[in-house]
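Could you have a look at this structure, given as structure tokens, before my questions?
Labels run A, B, C and D following the written order; every chain starts at residue 1.
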Amino acid sequence: MRWNETHLRVRYAETDQMGVVYHGSYLPWLEVGRVELLRSMGYHYKDLEAAGCVLAVAEVNVRYALPALYDDLIGVWARIKESNPRLVTIEYQVKRAETGELLASGYTKHIFLNKATLRPMRVPEAFKDAFIQVISESGL
Amino acid sequence: MRWNETHLRVRYAETDQMGVVYHGSYLPWLEVGRVELLRSMGYHYKDLEAAGCVLAVAEVNVRYALPALYDDLIGVWARIKESNPRLVTIEYQVKRAETGELLASGYTKHIFLNKATLRPMRVPEAFKDAFIQVISESGL
Amino acid sequence: MRWNETHLRVRYAETDQMGVVYHGSYLPWLEVGRVELLRSMGYHYKDLEAAGCVLAVAEVNVRYALPALYDDLIGVWARIKESNPRLVTIEYQVKRAETGELLASGYTKHIFLNKATLRPMRVPEAFKDAFIQVISESGL
Amino acid sequence: MRWNETHLRVRYAETDQMGVVYHGSYLPWLEVGRVELLRSMGYHYKDLEAAGCVLAVAEVNVRYALPALYDDLIGVWARIKESNPRLVTIEYQVKRAETGELLASGYTKHIFLNKATLRPMRVPEAFKDAFIQVISESGL
């Protein structure tokens, strides 16, 4: 499945006294990357919630290669790696946009939860094509 | 009304590349200060929300005197400055606990909102004594 | 002095369980607004730091009018309100870009500090025209 | 090697509109856990930085089991899993303190970097016993 690139600029709030971006600041960036991946396919994450479903994070993994610096223009690349009606894995590459250097890579695993009960559910029908681009028979 | 002191320790995440605590990191500290002020009086903010009411922030003001540093033990002093059944003003002093130095001072103004509609409401009866310690007749 | 508008989109990380944007999340937005105000005039805040000077926050004030919501496109308007070679006051308006509704307004007061010593200094010569657009004789 | 437990209380700022703690908020908690692990052994992370060394994060992994809720008292358990003079892996368990429920587990991998150059270095002599509790000959 295809990669989508989103740009953002490093905020001062995202740095720490090491003089680089705090490692935890990358998680909101990955969130921006996956929301914009959906938007690029014509879907809005807030509509998923309006349909009574949240995409909860079950696991996050980030490997840091080079530090991001204040005011850097960052490219967050995201794509769906695996999916079935209950689970989605999205992978990411975070790059310094100007140079193309890889700063970090990682993945997030998600499960669809009923927004009211926070219990697992299947992806709502209207979002099936967004997440489940290749549905194997067994996946159903 | 009396001051309550709460202690917290500066996290690395709360610093920025200036080598001190990011100015925005103080707002969660003030939040901790007012929640613990309530707790010290026997009230739990989450019970207010369980009663269908949120204490929304209408205004925040912070003056920064000296920088807080990583790993400092911080004393957040909070007290109710003014209140009526619709509005509460809380004031704060943020100190370096070891030395007593004043790092910042400020206030937050709050309004009670219905949690479902986010429209103004009066403080729930069960919390009246927490917030409205001196109720003038006109305030009612 | 003129207003500059910067756009940003509300991140999920910036919301809280009230279902709206956490009041503290606005401070990084104001930071983005003033950095982009400088950029719009041809100045880069990181160059100020490279010149050995940081623009420390001495005071922040925000009044909240309406809640910002997840995924809203936000317009952060910023302009220099007052300045002299030691101090700058910047004012802000935060709007829902689509509707133009005013969500919050406020100001930040700043002092120029020597980056190494964190002691007050005058604005570096190269940045004088950025901050000190109208310098009164007495201000010098 | 032994586990150390640190307590912290969930802040409102750490929740999101899902009504639970934002997944990214756990990273500062892990940071608190490892800093307090060191402190429990008689070491202060800030002294490591004073010695010209930073403990950079090379990888982070978190698996989320149950949601943490606003105002929960959280127990962050941390222990050194593996270490050599250049690398340290720390593992974590995040629990709801009152019930003992496991909320999340994970690990962080770290490398020692020269604070000035951000290039890899060996752990400073004074911290060897903190991190390298079992040093194999080959590890040297």
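A few notes on this one:
Definition applied: a contact is a pair of C-beta atoms (placed from the backbone, for glycine too) under 8 Å apart; a residue touches a chain by one contact, two chains touch by 3 or more.
What you are looking at is a predicted structure, and each value in this text was computed from that prediction instead of being measured.
Using CA-based centroids throughout, the chain positioned farthest away from chain D is C. Rounded to whole angstrom units, the spacing between the C-alpha centres of chain B and chain D is 29. Between chain A and chain B the centroid-to-centroid distance comes to 33 Å (mean Cα coordinates, whole Å).
Annotation for chain B: residues 12-13, 17-20, 24, 27-28, 31, 70 touch two or more other chains. Contact topology of the protein chains: fully connected, every pair of chains touching.
Residue ranges of chain B in contact with chain D, taken from their complex: 9, 11-14, 27-28, 31-32, 35, 44-46, 70-71. Residues of chain B that touch chain C in their complex: 17-20, 23-24, 27-28, 31, 49, 54, 56-64, 67, 115, 118.
Against chain C, the residues of chain D that register as touching in their complex are 12-13, 15-20, 22, 24, 70.
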